[in-house]
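In what follows, chain A forms one complex with chain B and a second complex with chain C.
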Partner chain A sequence: MDIDDILREVDPASYAIPEGTRDLQALTRAWVAERSSPELLNWPVDGLFERINERIKQQIEKIEDMTGDMDPKTNFALIVIQTELERYKFIVRSYLRARIAKIDKHTLHYLSTPTLRARLSETELAYATRHQALLHNHYLSSFLSSFPQTLQNLNDTAGNISMIDTPDLDTAVFLRLLKDTLVEGRGTDTDGGMNGRYGDIVILRWSDAKPLVDSARAEVI
Partner chain B sequence: MYGDLGNKLVQQAKRTQNLAHLPPYQTEIVRAVTREVRDLDKDVADLLEPFQGSFNPASDQATACTLLVNHLSMRRNKRCLLAYHRTRTDRLEELVWKGYDVVDLAGQQVGDGSGNHNGASGTGNNDSGTSSLSPQEEDYVRQYSDLLAAYKGQWTDIDLTGSLEPPRDLFIDVRVLKDAGEIQTEYGAITLTKNSQFYVRQGDVERLIAQGYLQKLS
Partner chain C sequence: MALPLPSGLVPTEVAFLCEMEMVTIVPRQRLEPIQLLSGETPALRPPHRAEVPLWLALLLKKQRRANIVAPPWLLVSSLQDLVHQETNVDPEAFSPPPPPPMRSDGRGTARPYGTHPDPDSKPGDLILAPPFLPSCTQEAPSGYLPYHWLEMSETLLAHAADDIPNAPDVRALLRDLQEVRAAKMRGSTRHLDGGGGVLNLRGVGAMELAESRGFVLGVVDGVRKIGASMEASRREEEEERAAAGGADDSDEEMEF
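Coming up: the complex of A and B.
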């Protein structure tokens, strides 16, 4: 069973699956989406990461308990649990690193408006603010301080060129539809639309795909 | 000519992207570009002085053109400087994430390159000849390491700087490239001596692989 199978089984309405499994699916989905979309997505607000941290802690404790046991049967179970834990930790790590990479790349952009700031978690916000301050200080002490006053800003928009770099929202992403829905996309010459069916895979500009993803009608793959 | 030096910086930055190590900081060029900006700014001020704030671009097009060129050159120089510094800080951050001791490393490289083996360290030394980092960059690296440590502290159970390759096996074969002394694992202590080979838990030796003590055998 690979990730695709896991994701296909997810029906957001189904609560028959135990919470732990659902959290893993939510994490996997967040991870895949974060890695494939060009801009930073919302930080999950429903306490997903608190639960995940709690589970990782429990597993580590369990492993510590089991290590003392020399019974070969437990030993085998131990290896399975440890492998699983390593993989779980990898997804979390990869997810966080993907976010940090995006934040680092367009720090000023994500700090510029309250809506964008809301996408970051508290720790990420603290990190981004501090990092930007560090960079600015570094520029100042390296050369900016001897510049004329009017040129010392890092967020000038004079001359129709904004100094704040923004992510390219028109990059193409692959989507899998989770519901039958109308898919609309902007083209270079004409706009197009099609009636998408459940399970269809389409390639769209991210700016067109975002509403579909936000309303859970499609997922990024 | 205006912008020549800025161009040099950008070329340096471009070159840096493809190099394995960080080339020395171009203190001279950075200083010269900054001076150019200041001179241009002074020129602009001098040009505008006789007009007493009532300058009309339409009536004196030659002066307006000079002003425009000066302004554009200043902005361009600023962009070049920013790009140069950003490329370098990006590289430094990458090194910090990988867990290298950046300040030491930079001092070593220059020492090796110039055949200078007297062990003079570049740490906290204002002379740019001994380290490829500028003093400001050394400060920056130190502060960034602190920042990263603080952020990592929020995720105690997950080693954020760990490998970004998906783990396939719990245990891996490794060969020891450099003596690394004794390490503690939950299966007891192992002594890592050069050229020996071990079958160990990946999580235990990840750091040592990143630092180049061990090599993973596939």
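Coming up: the complex of A and C.
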């Protein structure tokens, strides 16, 4: 930290949110959205998880250093650091597990098109492909092999009925508006629209809500 | 490995989120800044007040290193106003959420907390939302319930009741608020009759959402599934009408 950083910190005209807060807000928002939306969302592309993992690693190293000297004064600081680390790790873990749950449920769907595959991170893609291959081989060896050749696929779309389960994109979600914006939703009897204000909490179908969330005009809660 | 919880935050997760809210404390002991993942904690110098996240405040409180200052909306007078607002002024909707916190830029203008001055901000700009807005600190406005009001007041009453002035009355008033708002939450599905696609619940709290999430979303989804065939035929009709309009135009063109 040099003198510029210090000056920027005390200058009330600086509106910058500190990076730690930014990343925590981004992580929390991604976690809550993933927990509450019916389909898998895009893996964050701006290097959020690389930064977070790097910082968690550094913090663990710091804790290992600090546990070496048993000074009672640093003892309390150590408790605080460890508590925060556990909280942070909880969000990361819960986020990843929520994603795995969705991938497990609709594996073939998320592997079916390039756009859907792009939502997965590299490790998730490797996991999904391998998991699906294992599963299919298991089915083949246990019962599918005694079926006629034409009935052995798991992704048949014959007869206008697809074997691939897809998430219900019309499931209702709760949204909080982050900007004043027009909210349009499809309903059973009529389609509705409303001039939403900052802070409004609305119930909307996910398919109508997705554009608002993608453009950061609203967040899922 | 996969998360076994149902979709949507469960109450314990909401309480976890609430612990990230900033609260004001009065430290009793000095504590040097600690470098955390989410930034540095403020230096604690008694008797200067400081703002820390709730989880840290609770830790300090438990070790008798600090006292928590109750947020202004949790005082008896503010809660009485709120009960009045919820029962008499507007018995239909929830009381409004707190206005976006403003911050001076030192040149005489005020702007919303944590946003860029540029009115048409870039799409990549991050907008802070609860629990990262200072809605439970000393500067929070009284008479408005923040998003995490129920969890925050419950936690404070459970772990720092001695720091809240007139705690028994606060507890009674909170119960009144909770009951009148729970009735509103249950009644909110009545507005679905119109069948418009959007339902506004401005001012609702996080825990209230978590409690009624299954019920409200179940009703919304149920209504959608019951009316699915009706909706599909309505859409078809509309499309046909639009197509017919278009077809008429093309017919006329054909005549030429």
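The criterion applied here is as follows: the second predicted complex is superposed on the first by the 206 of 221 C-alpha atoms of A that agree within 3 Å, B and C clash if a C-alpha of one lies under 4 Å from a C-alpha of the other, contacts with A are read in each partner's own complex, and residues count from 1 in each chain.
Simple rule for what comes next: a residue touches a chain if its C-beta (ideal position, glycine included) is under 8 Å from a C-beta of that chain, and two chains touch if they have at least 3 such contacts.
Being a predicted model, the structure only gives us computed values, none of them experimental.
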item: First (chain B), second (chain C), both or neither touched by A:Met66; value: neither
item: Touched partner set for A:Asp104, first chain B, second chain C, both or neither; value: both
item: Partner chain in contact with A:Ile56 - chain B first, chain C second, else both or neither; value: both
item: Partner chain(s) touched by A:Ala216 [first = chain B, second = chain C, both, neither]; value: second
item: First, second, both or neither for A:Val92, with chain B first and chain C second; value: first
item: First, second, both or neither for A:Leu169, with chain B first and chain C second; value: neither
item: First (chain B), second (chain C), both or neither touched by A:Leu125; value: neither
item: Touching partner for A:Phe76 - first (chain B), second (chain C), both, neither; value: second
item: Partner, of chain C and chain B, that touches more residues belonging to chain A; value: C
item: First, second, both or neither for A:Asp200, with chain B first and chain C second; value: second
item: On chain A, the residue positions that both chain B and chain C contact, one per complex; value: 56, 79, 83, 87, 90, 94, 97, 100, 104
item: Residues on chain A engaged by chain C in the complex (per definition of touch); value: 11-13, 15, 17-18, 20-26, 28-29, 32, 35-38, 55-56, 59, 62, 76-77, 79-81, 83-85, 87-88, 90, 94, 97-98, 100-101, 104, 170-174, 176, 178-179, 183-194, 196-205, 208, 215-216, 219, 221
item: Interface residues, chain B side, partner chain A - complex; value: 30, 33-34, 37-38, 41, 74-75, 78, 81-82, 85-86, 89, 93, 134, 136-137, 139-140, 143-144, 147, 150-151, 154-155, 157-160, 162, 164, 166-167, 169-170, 186, 201-203
item: Sites on chain C touched by chain A in the complex; value: 1-5, 7-9, 13, 16-17, 19-20, 31-32, 34-39, 41, 55-56, 59, 63, 65, 97, 100, 103-107, 111, 114-117, 123-129, 131-132, 194-204, 206, 209, 213, 216-217, 220-221, 223-224, 226-228, 230-231, 234
item: Partner chain B, residues of chain A touching it in the complex; value: 53, 56-57, 60, 67, 79, 82-83, 86-87, 89-90, 92-94, 96-97, 100, 104, 123, 126-127, 130-131, 134-135, 137-139, 141-144, 146-148, 151, 154, 158-159
